[in-house]
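In structure tokens below, several structures.
Across the two complexes that follow, chain A remains constant while its partner is chain B and subsequently chain C.
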Partner chain A sequence: MAKIELRQIRKSYDRYVAVENLDLDIIDGEFLVMLGPSGCGKTTTLNMIAGLDYPSQGQILFDGRDVTAEPPHGRNVAMVFQSSLLYPHLTVRKNIEASLRHSKLSKAERAQRIADAARMLELEPMLDKLPSQMSGGQRQRAATAKAIVREPACFLLDEPLSALDAALRLSLRSELVNLQKRLGTTAVFVTHDQVEAMTMGDRIAVMSKGNLEQIGTPDEIYNQPASLFVATFLGSPPMNVVAGAISNGVFHAGPVAIDLAGRGIPNGPVSLGVRPQHVTVTAPDAPGAIPVTVYALEHLGRESVVIGDDATGNKLRALVDPGFHARIGDRLGIAPEAGACFFFGADGRRIAVSSSPA
Partner chain B sequence: MTKRRPNFVIAMTVLIIWSLLPILWFVRMAFMNHAEIANFPPHIFPSSFNLSSFVNIFGYDYKLADGSISAASGQAGQIELGLQNSIIVSAAVTLITIIIVVPLAYVFARLDFRFKNVLLNAVLLAVAIPPVSTLIPFYTLYVQLGLVGTLPGLIIIDLTTTVPFVTWMLIGYFRNLPPIERLARIDGFSRLHTLLFLILPLARSGVAVSAIIAFLFAWNEFTFALVLVNGTPATTLPAAISGFLGQDPNPAQLAACILITIIPPALVAFFLQRHLAEMNIADPVR
Partner chain C sequence: MATIAPQKAKARRRELTDGQFALMIGLPVILLLIVIVAYPLAYSAWMAFHRILFFGGYRTKFVGFKNFATVLNDPEFWWCTWVTIRFTVESVILTMLLGLAIGLLLNRPTRFGGVWRTLVFLPWCVSLYGAGLMFAYLARGQTGLPTAILAHLGMQNVPDFMTTRTIVEVLAIGSSWTMAPLVGFFVLANLKTIPKRLYDLAAIDQLTPLETFWNVTLPPLRFTLFVFTSIATVLSMKLFDLIFVLSAGGPGDASSTLTYQLYKVSFINLNLGYGAAMSFFLLLFIIGLTMSLYLIWGRREKQI
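Right after this comes the complex of A and B.
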């Protein structure tokens, strides 16, 4: 168990900067998810925590101890890799045992640890099988057993579920979180899947282009996104974004006008963001509604999503009742609820809009 | 057994005849006598399995069924030396190639370092140069160094071809292995341990095929042997056999020698065919 602190971490490869000025505190025992599109620096950051890669600048502390230059086994971390990487020519038992190579346990204690880990992950019948003789889910369990057997300071998981099919991913998601909570070990989980992030993380760190965009609980990330990037990256179906401008305290975007007077927002270009559940579908010429041409209607079962193109070709989405009918090419209006809108400045940061005029 | 389509059967038949007919031709010659070989139209099978050539090439007379004697070959001394030297040269070339190439190919395939691409291109350039083009420079160099007519000289020349070629082949194989180095570093294995005990067992098919290629090259190598060691105590089997073309023409004994020459490669290929097949699979692990 460990508290992990990243201090002003920078990682560059020649001229390419993978991670820039990253400060991150990982609380002892928490399940932190690092979320971002590919190339955002999340795996690089995980590798630096693991000791597989060393930062160009900055410090990494485990429980206050500087481990920046220490090799992986000196940090006592355990890692589960993409597609549940195992040594293909070794049995599951040998694979798990390899994790204990640097421990000073007696032979009996090792056997006990392996037996415990195997029991916890229901791997007992598989211990003498090779990874190639097991299913994807079993391999994932074996990789997890290999990680927990060391009783590490922290688990580092690099998209371990990405190669599995959807149903298996769903059940292993809760299994992993349950295991982590029972053991109480700090875990850092890297993913590009926002559903995985929302469902698994105690906190989510959203990264983009080597920068930490926001860190917070799933609730904070979803309901108080710090930037346009965070707002659009999380949520399914994704948030609608409408470009507009503030003049004299009023937001204008075509027929949409939202009065923000008295809240101290300077004039200038501003983007409006509103989630599909916070818009209403109206007639195309209704006041305050953006006229759209229906592009697609997606049935999700409990509800449906209408996707429409506005005059500039920007796609807007609205959640509607499953009984809703529309044909492609129909004209509709989409009206945002003023109270549920986010506003983002030209720099992409969210503009704080207090709920009532100051 | 699935039913084969006729096109497939025809193609396979042509392929088999194409590759096996020349072998059949000299195999039958090895068991014939002079008169039978000279016969026209040729016989497909020898009239009697006459073993005299095989005895003659090792320096012994052979008493034929009609009581006449088939005399020992004048090339026998060279053949015996050649067989012995070929075994030494091939074994040495195979062993040294593998010892050099496994770490070399591993480093190129799996690690990043400065000037990697330049060095890799240098290796690949060596593959592209036809070995014969270096024959004359090597010869003049070897005269100065006193390596003409020696086994080490021949081994060194063979290595200049096998090392780059096998490196080039193994790099591709190593690249396809799963990234277990990361796992090994988390587990605290040293780089050497990772290579010897984790990568090598995974790559055993690639290494086995590399060994076969190095062995076959050294065993079959003719051009350098002809120029550098023919007629010396360091002669190899292919060079020694060439004597049957010039000094002592004897088609039956030539055929018997060739038959003996192709036995070791055939055995090697037969016992390692499982690995050869595995090399063709994109993912070497599953």
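Right after this comes the complex of A and C.
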């Protein structure tokens, strides 16, 4: 159990900068998800927390203690790797034991911890199996057991669920969170899957191109995105983005005009972001609606998604009732609700919310 | 009835059974094997039971197991067996250690990796004849490498390794020099299959470098190491060209392995029956040694 602080971390390989000026406070006992597309620096950051890689600049503190230059064994971290890596030639029991090999526990204590972990993760019947004889879900449980027997300062998880099928991922997601909450151990979970991030994290740190874009609770990240990147990366179906401009305090994009007077936004290009549940489908020539040509209609059961191309080929999405009918090529209008729009400046940072979203 | 008869007359073309087809496509190989393996083997078996005389007119005489009995009572045969074992053990151990070292070193990321790999692989491409000549020059007192080094340091010593005490070791070094690169490359190929993250897992588990080697690096190599130990054992026991060129079994009979002794008995002394009987003992040793390697080691290895 530990509070982890990253201070001005920078990591570069030759000329390639993997992580830039990263400041991150991980609260004791929280489940922090690091979210971002591949190559954003999230795994590099995790490796640096683990001590598998060292920052080029900056400091890493565990409970206030500087561990920047310490190898993994000085930090007492446990890590679960992508596709639940285990030693392939060792049985599950031996794999779990390997975690404790260099601990100062007595033999009885070790056996007790392994037995407890095996019971907690329902691994008892397969302790003597080799990883190759087990299913993906069982391997994932074995890797988790291997991590918890150490009673580490923190769990580091590097996309452990990415190689599993959808149904299994769903059940293991809640299982992992439940386990982490019961143990109360700080956990850092790296993923590129926004659904995983939203459902599992106490807080989410969104990264892009080596920079921390935003950190906050799933609610903050979703409802108050700090940048266009965060806004479009989270949410399914993704947020609609319409390019436009501010002139005299009013946002214009084709037929769309939203009054933002009194917020002191200077004239210039601005992007409007609106989630598919905050638009209405109208006739193509309705006032305030962007005319689109229907590109596809996706049925989700509880609702459907209309995808339309506007005049510039930009795809706009709208959530509609499951009974909605449209054929590909039909002309429709998509009108953003003036009260639920985000506005992003040319640098991608959010500059205004038209009002608090519903 | 009238409708069935014409169908019967028009019987389908006969198809080959699987066995017949296999025999058909296998026949060329079977014939080749009969010519190059079965016939010589049968012929030497026949020779082993005969006394074959060339002088005073070629004639043969059936002598039963007399040749085999003579072999067992021949101190020269037991000496050669000892030389063979000493050479095989040294050559196999050296080959495997060198091969492992080559594989591990080449697996490190280095500049000009391709150039290193090519250079290291070259010894395997050198003919045993050439390697024999080279090592003879290197080990000999007048032209040897140690002599050159000592002379360079200003010493007058002429260390000669072509002596009765060290010639087997010279041979073992020469033979492992030619075989190790191949082992090294198979080791390297196996090392390339180890996920990098497994080393990170070992670091998180706080394993020592030795434990990491034992638990991460070695397991995928073990099967390959067993296979090549077996191959190197067989190749070492039946090695001939290198010995023929490098030491010709000498000095005296200090490096006379069974293969060299066989050559001497059969083709210099022209004692074909006796030589043939001896060759069956060599075959027996090779089978016995590889079988025990399998029973002691190979049975426990499986590919991961």
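Everything that follows uses one rule, which is that the second predicted complex is superposed on the first by the 352 of 358 C-alpha atoms of A that agree within 3 Å, B and C clash if a C-alpha of one lies under 4 Å from a C-alpha of the other, contacts with A are read in each partner's own complex, and residues count from 1 in each chain.
Note that in this section a residue touches a chain if its C-beta (ideal position, glycine included) is under 8 Å from a C-beta of that chain, and two chains touch if they have at least 3 such contacts.
Values in this document were obtained by computation on a predicted structure and should not be read as measured data.
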item: Partners on chain A (chain B, chain C) - clash or fit; value: clash
item: Which of chain B and chain C A:R101 touches, first, second, both or neither; value: both
item: First, second, both or neither for A:I265, with chain B first and chain C second; value: neither
item: First (chain B), second (chain C), both or neither touched by A:P88; value: both
item: Intersection of the chain A residues that touch chain B with those that touch chain C; value: 50-52, 71-73, 77-79, 81, 85-89, 98-99, 101-102, 132
item: Residues of chain C defined as touching chain A within the complex; value: 195, 197-198, 200-201, 203-207, 211, 215-216, 219-220, 304
item: Chain A residues within the chain C interface of the complex; value: 47, 50-52, 71-73, 77-79, 81-82, 85-90, 98-99, 101-102, 132
item: Complex contact set, residues of chain B against chain A; value: 178-180, 182-183, 185-189, 198, 201-202, 285-286
item: Residue ranges of chain A touching chain B (in the complex, touch as defined); value: 50-52, 71-73, 77-79, 81, 85-89, 98-99, 101-102, 132
